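Letters A, B, C and D mark the chains as written, and numbering starts fresh at 1 in each.
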Amino acid sequence: MTSTIAGPVGYSLPLSPTGDASMITPPPWHFAGDVIMVDYRIDPEVARRFLPPELSLGDDPGAAAAVFADWQWCSDDGAELADPARCQFTEFLILIACEYEGRTLARCPYAWVDAPVPMVRGWIQGMPKQIGDIHQIRPKTVGRAGPRPGAPGRFDGTLSVHGKRVAEVTVRPASRIEKPPLLHDVPLVHTRFFPGWIPGETPLTQLVMSEVTDVEFSEIWSGAADLRLFDALDPDFASLAPVEIGSGYVFSYAETLRGGKLL
Amino acid sequence: MTSTIAGPVGYSLPLSPTGDASMITPPPWHFAGDVIMVDYRIDPEVARRFLPPELSLGDDPGAAAAVFADWQWCSDDGAELADPARCQFTEFLILIACEYEGRTLARCPYAWVDAPVPMVRGWIQGMPKQIGDIHQIRPKTVGRAGPRPGAPGRFDGTLSVHGKRVAEVTVRPASRIEKPPLLHDVPLVHTRFFPGWIPGETPLTQLVMSEVTDVEFSEIWSGAADLRLFDALDPDFASLAPVEIGSGYVFSYAETLRGGKLL
Amino acid sequence: MTSTIAGPVGYSLPLSPTGDASMITPPPWHFAGDVIMVDYRIDPEVARRFLPPELSLGDDPGAAAAVFADWQWCSDDGAELADPARCQFTEFLILIACEYEGRTLARCPYAWVDAPVPMVRGWIQGMPKQIGDIHQIRPKTVGRAGPRPGAPGRFDGTLSVHGKRVAEVTVRPASRIEKPPLLHDVPLVHTRFFPGWIPGETPLTQLVMSEVTDVEFSEIWSGAADLRLFDALDPDFASLAPVEIGSGYVFSYAETLRGGKLL
Amino acid sequence: MTSTIAGPVGYSLPLSPTGDASMITPPPWHFAGDVIMVDYRIDPEVARRFLPPELSLGDDPGAAAAVFADWQWCSDDGAELADPARCQFTEFLILIACEYEGRTLARCPYAWVDAPVPMVRGWIQGMPKQIGDIHQIRPKTVGRAGPRPGAPGRFDGTLSVHGKRVAEVTVRPASRIEKPPLLHDVPLVHTRFFPGWIPGETPLTQLVMSEVTDVEFSEIWSGAADLRLFDALDPDFASLAPVEIGSGYVFSYAETLRGGKLL
């Protein structure tokens, strides 16, 4: 005998009678983070191989960035902010410049976070987040153990994955600039991808652009930078090693992520 | 200008030029684990509310189980076994008895693992795995710090989530039995579910049964058991509290998971 | 034949030929942290039982505080700041007011940090630090996911130990105050204690006061507070439950810890 | 006014009114573990530099071993075994052969565990344990995801510290042997060391030998081995790199640690 009720519901797994068990809350999701970012360049041919055919390299082939961010997030009612163990995460990601119908976009080939909720949220939107150990220096307003916010100093970030060091950045902000670094100020274009499971099933594959509102930048400080990517992962990751390192940036950033649209 | 290449590939995100970056290897996946399991009963009306309409309660409404498992896994080439940090995980899950077209199946409303790869693999097959802290006693062949394998003793398991204790079991195996506990010896029926992201998009929803081969049980020992579920999560989880506690089991178990089929 | 060399050296274990293997660097240690603190009161008789006989309760018996802090630290050369995984830790501690020769001091019966280096450093100075999961809200200068620094808002902190929730605070800073909260502005008095190991050996026991310089407070904001201590540890910890909850504070704080002196 | 009570007590910090808060239980401590071990050789001059002057190199200068162990432990009443999150830890250590008054002993220059209680217990007895990420293959009695116990197979172990890979071993047990590997069957000789804190204070320094009873070995299997130590820590650690790699061993081992005696 089949039940006549509708069955368990939810925005994500686990589905449950009321939907309260869902691991992920529905968007919008509000983010506020502190960013350490380095512009760099990769081999344009490598960049091209990471792009789906709908995207081109654009007018600055090989432009890339490495981004560390220390986030706090909440759903629309802000409830998560009452539980600091659940509303914080750190992130490291690589961005590659690309273009769609004449518009510059950023493509994220690799990303890591230190918590499962942002990882799954990444997969829902097509951002390939995995779990890593991610740390970055925080500015301090008092004492000697850290740089001052909004002032010259030194900011380091490190990523380790599976117990191996994968990436390090050092940024020495020297002066305030007005314009945000390009790759942090253009939409991200992701491939939503859900593997098939039934033999012969085609994976869900959608090329989508993130819909973001309420973008806010703090003061942006810029200066000399270093980026070290170590050959501790797969050869495709290794191919993203810098051929040139550009400027570094330190700033805070907020956005509200509302969903995606098909390209 | 659009690239003419096919774009990055892979079994899962991250997609990359060669596919080597994929977080998840394609099935089959081979598992070998040590299990501590407790049969128990929940309110049949609660059980019904956790089942999708295609499934019925079957002839033992309210039959449930709590399962701790300490796993090792590998892909078909066994490569993961050379990196012990990556081929081990622990798991806790709840199972509910159900029926489809006269066949007894097990439904998993909640599951936790301690590593991201098995979590994502869970979502690919529709198993609602989240991340938790999961520990269980291991038998030891020497000394006083643990029970002997294949002998009377005491085996405890604990689950904590977000820094709160969620579940505890105690099993005191007393004698060997021949027949595996029912809910560990029937197929799992999951709802594969991938949330929508484009406004108005319907989530991917598929009712699937896991395709498993090479099932192997060790000696199975059984005895008195206790199960403690704490009200530290959502109300739907709390509704799965035991109304009666049955036998406990300690055994090792292996299987190969090959994919799923639609119900 | 006995070697004639001096043997391995170091400030702490591991001793090694050059001393570079030492887990702990010698003081001074520089700290900069963000603090969420709640004044509260415990039963004065309980307070007395936590004090060594050399200390008295002073003129405010039962005054206590719960303190969350999010630290960055470095040794004198600042080298640790280049490795953000190693120079950050979080802390929760309880303070009890006490008095020695007419001087108000603070006694720390329990403390937790989330990293081993500050834990061992605690034991060297007599501070009873253990390892826990400690999280606290960080102010953000942009966006909706967090309170603004130096402004009214809400700041929560949580402590879990061994997978169980142990302490939670909520502070709602409403206005700026001039005077630091008393128990964060007096010296700490610890019992340095190293257990005996040779049968019959007396443990090393020294009553010491920390020698601190370069104290710096940011703006101090104060407001209503809540403190929840859960009965998840030993009965002695449970005896420190609040009989009254006072004001809450949010501020940043820096100090240099240089050593100790015997009382 | 000074209190007339004796003050807080305990085997270790935190001291408390009843002593129940102590992080460490008093010995004896019972251990049962699964060991993967590799004999190797270091430069004898390096070995000498790691020994205190009371110890000599003995008749096999430069003999060393790398040991992975997967432990369960309990105090005399066995209470910890009811909480599997607290009675398990993993360990990696280096051993160097040495001699005192004609007796072969083992010296441990570096050790890592994955939990704070065994780390502190290490410092109490003079074993220089730090915290690391330590994983080793477990034998499985069923399925394909692991070697069988007591049979030829492959066993790997890995150590990462501060997000960097530090050590890896591979052992391929081929046949059973009767005699335990020497360095796992001789007493450990440690330097108990507690840094000074009061300016000018001499650190507590004691050369002690561990007092162990109830030693038990399982079947011991031996075979070819590999050991890889990476230059990810201090130069003193790097100096312990293998100049020759010997046999590998896989076995289970139990002991009761009762205290120490001065050399």
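Assume a contact is a pair of C-beta atoms (placed from the backbone, for glycine too) under 8 Å apart; a residue touches a chain by one contact, two chains touch by 3 or more.
Quick caveat: nothing in here was measured; it's all calculated off a predicted structure.
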| remark: Those chains that touch chain C and also touch chain B are A, D
| Angle (degrees, nearest 5) of the CA superposition of chain C onto chain D | 180
| note | Chain centres computed over CA atoms; the one at greatest distance from chain B is chain C
| Numbering shared by both copies at the chain D-chain A contact, with half separating same from different | same
| said: On a C-alpha centroid basis, what's the spacing between chain A and chain B, in Å? | reply: 30
| task | Can you check how far apart chain A and chain D are, centre to centre, with Cα atoms defining each centre and the answer in Å? | result | 40
| note | Chain-centre distance (mean CA atoms) for chain B and chain D, in whole Å, is 34
| field | For chain B, residues contacting two or more additional chains | value | 83, 85, 133, 158, 160, 163
| remark: In the complex, the residues of chain C that touch chain B are 133, 158, 160, 162-165, 232
| Of all residues in chain A, those that touch chain C in their complex | 30-34, 71-74, 78, 81-85, 87-88, 133, 135-138, 140-146, 149, 154, 156-158, 160, 170, 214, 216-218, 252-256
| note | So, in the complex, the side of chain D touching chain C is made of residues 1-8, 11-18, 20-21, 23-24, 26, 46, 48-57, 83, 85-86, 109-111, 116, 119-120, 123-126, 128, 130-131, 162-163, 191-195, 197-199, 204, 206, 208, 233-237, 239, 259-262
